[in-house]
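Let me begin by handing over the structure; questions about it come next.
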Amino acid sequence: MSALPYDHHRLCELAGELIVNVRELSARGWTPATSSNFSHRLDARHAAITVSGRDKGRLRESDIMVVDLDGAAVGSEHRPSAETLLHTQLYRRFGDIGCILHTHSHNQTVASRLYAGAGHVRLEGYELLKAFTGNTTHEAAIDVPVLPNSQDMTTLAAQVDALLDRQTLWGYLIDGHGLYAWGRDTAEARRHLEAFEFLLGCELELRRLTGR
Amino acid sequence: MSALPYDHHRLCELAGELIVNVRELSARGWTPATSSNFSHRLDARHAAITVSGRDKGRLRESDIMVVDLDGAAVGSEHRPSAETLLHTQLYRRFGDIGCILHTHSHNQTVASRLYAGAGHVRLEGYELLKAFTGNTTHEAAIDVPVLPNSQDMTTLAAQVDALLDRQTLWGYLIDGHGLYAWGRDTAEARRHLEAFEFLLGCELELRRLTGR
Amino acid sequence: MSALPYDHHRLCELAGELIVNVRELSARGWTPATSSNFSHRLDARHAAITVSGRDKGRLRESDIMVVDLDGAAVGSEHRPSAETLLHTQLYRRFGDIGCILHTHSHNQTVASRLYAGAGHVRLEGYELLKAFTGNTTHEAAIDVPVLPNSQDMTTLAAQVDALLDRQTLWGYLIDGHGLYAWGRDTAEARRHLEAFEFLLGCELELRRLTGR
Amino acid sequence: MSALPYDHHRLCELAGELIVNVRELSARGWTPATSSNFSHRLDARHAAITVSGRDKGRLRESDIMVVDLDGAAVGSEHRPSAETLLHTQLYRRFGDIGCILHTHSHNQTVASRLYAGAGHVRLEGYELLKAFTGNTTHEAAIDVPVLPNSQDMTTLAAQVDALLDRQTLWGYLIDGHGLYAWGRDTAEARRHLEAFEFLLGCELELRRLTGR
């Protein structure tokens, strides 16, 4: 029996943490039709990520697998999420990113369609901007980038890399698709995800009410 | 005691699966006022289907009955759903359809009213189009047909048959009424149902926001 | 010890049934800020009704009291709901009404404000019209009356009586206030309530989308 | 071992009460991204308040701490909520205020942005105005003040004090931020909070529908 190249006990811990969070996000309707994917860094060379196509509302330990930071399955016959490369590129680039949450809420999908032309959604004047690590006031503005969608993950990853060369980011939208958000640990990634979702929802609501 | 013409153990299994799914859909508000109906193929000649008029949020085994593929009750005094024929016509026509879910959500009902004139709702540009079996890209378009409503199930069934002669379908709307969605098994039917619901919701939201 | 003028065992049964239903309605947000009230006929001369001001999301047996059909408390020091007279007038007038549910949902309150001028909300073309006992087709129309609000229950009750002289009703709205719905038993009252809520929601949504 | 300057048993009781209420409010989505804060008066000189930055959906006893009425931590190394001063100023000024609930719902945030220019949101004609202690009719109007946001709590507190010099209040909005609501005990504060939330939601909905 060959030893696993990662700490199995740590994997079980992280899988449990992901499962609790993903089921809560699913209960809010942010993972329709088995969409969305979720990961946590396992160590310097591996990440735990959801298996492709699983029902996120019923997620359990066997729905979480290990990949290396090139996105290849490690010790598993399962297929990782089609978008694994968008996770591993962040773990490779930033040593302090610990958790990535990708969801498909209504607000995220609708905002991505509406602001795809502009290329970003501007969020400003909200107290909740302080939820993003590094922000200490509501007198700030954040531009959430909206990338064109593609079925070619290399293309998408190159667009993300170009964005990250220019600015600090805690998340981005993909047109017609959904949101990627991340943080140094699960709690921070979840806080960022909830803040993006809430503020995108407020922007859509203000747009409805003011006809801008 | 005469033997049942179907496998009772298989019926219990499928009833359990239907009950879990129907209660979850009901908790989202997609089955108001005892509306909606749900079925699963039992074998080549029978299907399990919800009894007419039962509260879907409290569904239990005695609320599921067996019908043959002409829609006649088998081994039961209960009345099957009034729309049983819309289920059995699909099981008769396509040997690989295993499960049919019919719901009445707000989005489904409102979209059916708004697009009844056009005869269909076009869904395009969404990543979630990949949730429909056979689709592999967001660069696709799906037209969800909207049929006129009728209390005559033979009329409705004939309209559905005419549609199916022309195109591959995973679901259709009936005006002022709701959505039929199906799949080869419960998981696929549920995934298709959630994808239709989500995308119809996005279309309505974009229409609200852009005033199209 | 004097005997109670009603069947205590029957009261306990009905209280249990009301509690289950009221807590579910409360979980949907239809009873904000301790508002709303609920009753069930106990016998020819009594009804069980919620005590005034109780939190409907935590309703329990001690929050249900008995009144006679003039609205006076029977065997209890508690104050019945301020609107008790609107319940007892229906039990007095129609021997076959068994249950009355009064809620304050968003849709009910907003629709009542918007249609107070017209005096009614017309519901037509919906399959769910069949949820109202006596209706067998979507090719029907129901006018839900909207009464002016008043803190004088005698005034409100007189308006309701005048309505009932003219038409068969399963419910009415009060402007800025909420909905009364009823049925021969709890299940029927609940079905009518859910149908009103759903159809009012569809009407508001269509109005938003079409700018009528 | 020095004695605590407050009644520890009373603290445990109040913490339990706060935890139940905060978790319910969080489940409705009113505390996104670890925002919002909640307190209860402990005695004439102390209050129990949520520790800064905790997830309100998982709130537990160790997330509640004691402060004096100047906002300084008592017997704890934790940092109280950044907005503690907005709580303690009310406890100092009004001996009968027992509980303060500050939330960040969508409706509250959006309404605060829309009505910041006017300086208040007028609520009138609603039966639910009776939920505010002291109101006995729907024929009343309440103006909910909207304060400019600030990261300087002394500035915000001075604005609140100026408001309270002019009128009786059960709550106020802060622009882009959220709602403060209070009452003599937890039940009353909760009732006021739910009434503000419901009525702000109705106002936004009417504005959407009428294009005012």
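As written, the chains take the letters A, B, C and D, and residue 1 is the first residue of each chain.
To be clear about the criterion, contacts are C-beta pairs under 8 Å (C-beta built on N, C-alpha and C of every residue); 3 or more make two chains touch, one makes a residue touch a chain.
The model shown is predicted, which means the values in this text are computed figures rather than measured ones.
**Q** Return the chains common to the contact lists of chain C and chain D.
**A** none
**Q** Take the average of all CA coordinates in chain A, do the same for chain C, and state the distance between these two points in whole angstrom.
**A** 45
**Q** Starting from the mean Cα coordinates of chain B and chain C, work out the distance between those two points in Å.
**A** For chain B versus chain C, the centre distance works out to 32 Å.
**Q** Got the chain D residues that touch at least 2 other chains?
**A** 208, 211
**Q** Would you please name all pairs of chains that touch?
**A** All chain pairs meeting the touch criterion are A-B, A-D, B-C, C-D.
**Q** Which bits of chain D are touching chain C when the two form their complex?
**A** The touching residues are 24, 28, 125-128, 131, 136-139, 187, 191-192, 194-195, 197-198, 201-202, 205-206, 208-211.
**Q** Which stretch or stretches of chain D touch chain A in the complex?
**A** Result: residues 29, 32-35, 55, 57, 104, 106, 109-110, 113-114, 149, 151, 174-178, 204, 207-208, 211 of chain D touch chain A.
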